[in-house]
Amino acid sequence: MKNFLLACVFLALASSFASAFDPSPLQDFCVAIDDPLHGVGSNVTAVNVQQIPGLNTLGISAARIDFAPYGQNPPHTHPRATEILVVLEGTLLVGFVTSNPNNTLISKVLNKGDVFVFPIGLIHFQFNIGKTNAIAIAALSSQNPGVITIANAVFGSDPAIDPGFLARAFQLDKYVVKGLQAKFWIDGN
Amino acid sequence: MKNFLLACVFLALASSFASAFDPSPLQDFCVAIDDPLHGVGSNVTAVNVQQIPGLNTLGISAARIDFAPYGQNPPHTHPRATEILVVLEGTLLVGFVTSNPNNTLISKVLNKGDVFVFPIGLIHFQFNIGKTNAIAIAALSSQNPGVITIANAVFGSDPAIDPGFLARAFQLDKYVVKGLQAKFWIDGN
Amino acid sequence: MKNFLLACVFLALASSFASAFDPSPLQDFCVAIDDPLHGVGSNVTAVNVQQIPGLNTLGISAARIDFAPYGQNPPHTHPRATEILVVLEGTLLVGFVTSNPNNTLISKVLNKGDVFVFPIGLIHFQFNIGKTNAIAIAALSSQNPGVITIANAVFGSDPAIDPGFLARAFQLDKYVVKGLQAKFWIDGN
Amino acid sequence: MKNFLLACVFLALASSFASAFDPSPLQDFCVAIDDPLHGVGSNVTAVNVQQIPGLNTLGISAARIDFAPYGQNPPHTHPRATEILVVLEGTLLVGFVTSNPNNTLISKVLNKGDVFVFPIGLIHFQFNIGKTNAIAIAALSSQNPGVITIANAVFGSDPAIDPGFLARAFQLDKYVVKGLQAKFWIDGN
Amino acid sequence: MKNFLLACVFLALASSFASAFDPSPLQDFCVAIDDPLHGVGSNVTAVNVQQIPGLNTLGISAARIDFAPYGQNPPHTHPRATEILVVLEGTLLVGFVTSNPNNTLISKVLNKGDVFVFPIGLIHFQFNIGKTNAIAIAALSSQNPGVITIANAVFGSDPAIDPGFLARAFQLDKYVVKGLQAKFWIDGN
Amino acid sequence: MKNFLLACVFLALASSFASAFDPSPLQDFCVAIDDPLHGVGSNVTAVNVQQIPGLNTLGISAARIDFAPYGQNPPHTHPRATEILVVLEGTLLVGFVTSNPNNTLISKVLNKGDVFVFPIGLIHFQFNIGKTNAIAIAALSSQNPGVITIANAVFGSDPAIDPGFLARAFQLDKYVVKGLQAKFWIDGN
C-alpha cells in the first residue's frame, strides 16, 4: 500500500462567484491506507460539494478510486448522478445491471486509458482482476451524487431492517441475515 | 386473492398534444392473481410512459400496489424518480435507507390515509404487517422512473455477476451466492 | 358529510436529509366538513412543501379531493405541475382544455380505479356526477405546484380587476361583473 | 390602424446546429389589421418554435403585441413560461393575480421603456389605457410557451363544457353561460 | 448622444411571492451618456436578478442596447443564456460563430422589427452599420445570464494572463499583447 | 512525442437502453502525434455524444488532454458544460476569468493529482509550465459540451468577421487583424 501514501490530492475551488485569486489549496487530503474495516480492497477519495461548497449548482464532481490487487468497489448506486470512469492503472472488470424486468448485466474488462459509463441510479461495480494495484478516476454528473453501497444499506442500516422481512426478500435463512447484519453493522458504523 | 379480481384499472391518456376527444379507455388492465413465481406477496400495476406515450415530458407517473396479508414489496430503488405513497387499505410498515456513510433507516407504520415520501434513488420497501390485504397508490416524479429490485438485480442478472465477487461483497459463502443466483435467475427471467 | 370526519390523514416526512427516525406524525389533518363559503361541494387536502419542508427539491406532492354528491372541483390550473388523478370512490366527469388556438376539451367519465392526467398549466376540472360522495387522490409533478381557481382569480382578486375591462374580456354586462366580484370577493377572502 | 401596416417582422433562424450562412429571412409576417372577430383591440405576433424549429431546446421565444386605443390583451396564462414585457409605445395598465388562497392582484401602469414580469402560469393581462396605439415586446422563457385565453378556454371550448357545471363554478345563470358559449364558440373557432 | 438622455427605464418587480401591490417603481435608471472609456459606441442597460431579486428562479431577463452611429456591441458570450434580439430603431449587422471545429459565422443585417437568436454560450456581436442611432431589446433565457466581453476578459483580466502565453494563443507579438493589456486593463477596471 | 503513441484509448458504450453485453470496444482512438497546424502543443481526445450516441441524456462526457513541454490548451469556453480537471502527469498552470464587470483571473499551478473546476461558459486555459509532457483528464457536465477556441472563433471564422469591426473591438490595427485572420483561417479550416 506504500504508493498510496505518495499520491496526494490538492484542491483549488474555482467558482464563478469567487471574487479573488486564491494562491493556496482549499484542502489537502492524502489517500489513506486502505481501511481494514471495509475489507473489500478499494478506497474512494471523493471531491464533491461536501468538500467544495463552490461546486454547488455546477452539476459535476469527481472521485479517485484506488484498488488493491483483486480489490473491488462493491455493488452500489449513485442516486443523483451518471458516472464516467477512466482507468489510469491496472485492469478492471466493470459492469452494471439494467432496471427491471430485464436485469441485464452490461460488463467489460477495462485497461489503462479505457472509459466506461454507468447510467444514473443503476447498480454497478468495479473489480481489479489484476495482480497489481489499479487506479481510476470517476466523474459524476452532480455536485452531490450520493452513494449507496447495496450490502451496507440493506444489511448494515441503523436501525436494522427486520431480519424476517429481509430473509424473504433475499430468499436467505433468517439466521444468515442476522449474521450479515452483525457483520455489516460494524462496517457501516 | 378474490378481491384482487374485482379491482380493475381503466385508463385514459390525456396529453397536451391530443387533438381530439377520446371517448374510450386507451387500455384496461385488471390486477391479476399474485404471480406465484414472485413469491413476495405483492403486485405492482404501473401507469407510466411505457403504457402511455403521451406522458412523455410530463414528469409524472403512478402505480397501484396490492399486498396479500404479510406480503411485501421488497427492497428496490427508482433510478429516475422520487415516490409519494398513499395507503388506501390496510397497515404497511414502510422505510428507506439514507445514502452512505449514514445508512440510516427511516421507517414508519402507515394506516389508511397516510402519506410517505421515498426520495429519488434511495433503497426503500413496503411490508403489509396486517392480517388483511392492503392497497396503496404510488406516484413518481418521472414518466419513466424505472425500478430496480435489489435482490433480482444483484443475484438474478443475466448473465450472472461472478459468484466469488458477490460472495466477498455480501460476505456470504460462494455456494450460498450460487444458490441465490439459481433462485433469482428463475424469478428475474 | 359525516363520513368525511372518519377519514383522517396522518403524515410522515421522509427526506434524504433526515438523520433520524421520526416515530410520530409530522401533522394530522382530518378532512373538515365542506366549507359552506366555497359552495361547490368539494374539499381539497393538500400535501406539499408548505406542509412538508423536506419535500423541497423532490419534485412531487399529493392531494386528496373529497366530493359531495354533484360536487365539483371548479376550473383551475396548476402553474408549476402536471397532475395525475386516481379515483378511489364514485364517478367523476373530468376534463381539461388544450391551449389556443384549439381550445379542445378533452374529457372522460372516470370510475373507481381510473387514472387521468392533466398536463402542466392547462385549465381542468372534476365533477362528481353520481348520487354518492366521491374521493380521488391527485399527485403533482412539483413540491410547490400552486393552484389558481379561475373564477376566484379573475373575479375575486384583491384588489379587484377593473369591471369594465373584465366585462369586455368576458363579454358580460358590467353590472354582472360587479355582481360576480361581490360574490367571489367573499369567497376568495 | 395604418401604422400597423408599416411595422413588419423579418426573421432569421440562428441555431447552434446551423452549418451555413443564411442570407435570406426564413419568414416574413406583417402585423395584419386587427382581427374584427377577436374584438378586444389587440394583436399578438408570436415568434416561437412553431415558426422557428431551430428555437427547439433554446428555452426562449418572443412576441410583439399591438394595441388599438383602449385595446386589451385579455386575461390569459402561459402554461410553460414566465413572460417579461417591454413597452415600446403608449401607456399600458398591466397585472397578474397570485395563486390561491391569496388571489392578490399585482398591477402597474407602464409607460414607454418600462419593464414588467409575469411569473410562469399565472393569469395576467395588459390594457391600453391611452388614446393612442400602444406597442409592447414580450419575451417568454420557453421556445413553446403556449397561451390560454381564459374566457375562450372556459366558454369557447370545442366541445363545450356542460353549461350547468360552469354556471355553478362561475355563479352565473345557466342561460348567461349558454349565451357566452355561443359568443366564444365563434371567437374560438 | 442627446436622445440617450431622454429615454429612461422605470422598472416594477413582479414576482409570484409578492404579497402586495407596489405603486412605485423599484428602480429608475436612465441610460447615461455613452461611457468614453468603453469606446465602442454602445451602452447596455440590463434588467436581471442583480437588479431584481424577485426574478430568481424565473429563468428570464432583459436588456436594452443603445448604439451610436457605427457603434458596436463587441464580441461577447452569455455563459448561462440564449439571447433573442428585437431591433427597435436603426440597422444592425449581427452575427455569432458556431463551436469548433466549424467556426462558421452566422450573420445577418437586421432592420426595425427584425428578430434574431444567439444560442447559449456562443460568441456573438452587434454592429450599427447606419448613420443614425440604433436601439435593440434583448431577452435572455436566465435571470442571471452573465456576460463575457472577449477582449476585456482575455486582455483586461486582473491579474493579467501571462503575455507570452497569450502571444502564442493569439499568434501576436508579445509586445502587442502587453500593449493590449495596458489598454484593456483601464477599460476593464 | 513518442510516449503519445503508447497511450491508446479504448471505449465501451454503456447506456441504460443497451440490451446486450458488448464484448468489443465501440471505438479505438490512439492519441496521434500533435497536429503541427495547431501549433500550441496540446492535443484533446474527446469522449462525448458525437462519439457515443448512448451518452445522450446522461449529462456527462470526458476528454484526455496531452501537453508537449510548454504546450498550452489556449483560451476557450464550453457553451454547455462545467469542466472538472484532474492532472495525471506534469505541472499545469490553469485559470479562468470571471464574467463582467470583474474579469477576475482565478489561476493556480496544479501538480499530479490536483483537481480544478472551470464553471460553465467561462473562458479558461491550461499551460504546461514543465519541461516534460503533461496529461490531464477532463470531465464535462453535458454529453454535448461544445468547445469554442477564442482565437479561432474570433479570427478564424468562415466567412471572416469584418476586419474593421474586429480592429475596433480588440483595439488592434486593421492590418494586424487581417494578418491574424490569414493565420487562423488556415488553422480553423
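Letters A, B, C, D, E and F mark the chains in the order given here, with residues in each chain numbered from 1 onward.
The definition used in the following text is that a contact is a pair of C-beta atoms (placed from the backbone, for glycine too) under 8 Å apart; a residue touches a chain by one contact, two chains touch by 3 or more.
The model shown is predicted, which means the values in this text are computed figures rather than measured ones.
Q: Between the options B-C, D-E or E-F, which interface matches A-B on more than half of its contact pairs by residue number?
A: E-F
Q: Fit subunit B to subunit F on CA atoms, both being copies of the same sequence, and give the resulting rotation angle in degrees, nearest 5.
A: 120
Q: How many Å are there between the centre of subunit C and the centre of subunit D, using C-alpha atoms for each centre?
A: The answer is 26 Å.
Q: Provide the C-alpha centroid distance between subunit A and subunit F, rounded to the nearest whole angstrom.
A: Inter-chain centre distance comes to 28 Å.
Q: Between subunit B and subunit D, what distance separates the C-alpha centroids? Give it in angstrom.
A: Computed value for the inter-centroid distance: 44 Å.
Q: When the centre of a chain is set as the mean of its C-alpha atoms, what distance in Å lies between subunit C and subunit F?
A: So the centroids are 51 Å from each other.
Q: Could you list which residues of subunit F touch at least two other chains?
A: 16, 21, 79, 99, 102, 104-105, 107, 119-120, 122, 146, 159
Q: Mind pulling up the subunit A residues that touch subunit B in the complex?
A: Residues in contact with subunit B: 40, 72, 74-75, 77-80, 93, 95, 97, 99-105, 107, 119-123, 125, 127, 146-162, 165-166, 168-172, 176, 180, 183-184, 188-189.
Q: Subunit B touches which residues of subunit C in the complex?
A: 7-16, 18-23, 25, 47, 52, 54-55, 58-62, 64, 81-84, 86, 88, 96, 98-99, 102, 104-108, 110-120, 122, 137, 139-141
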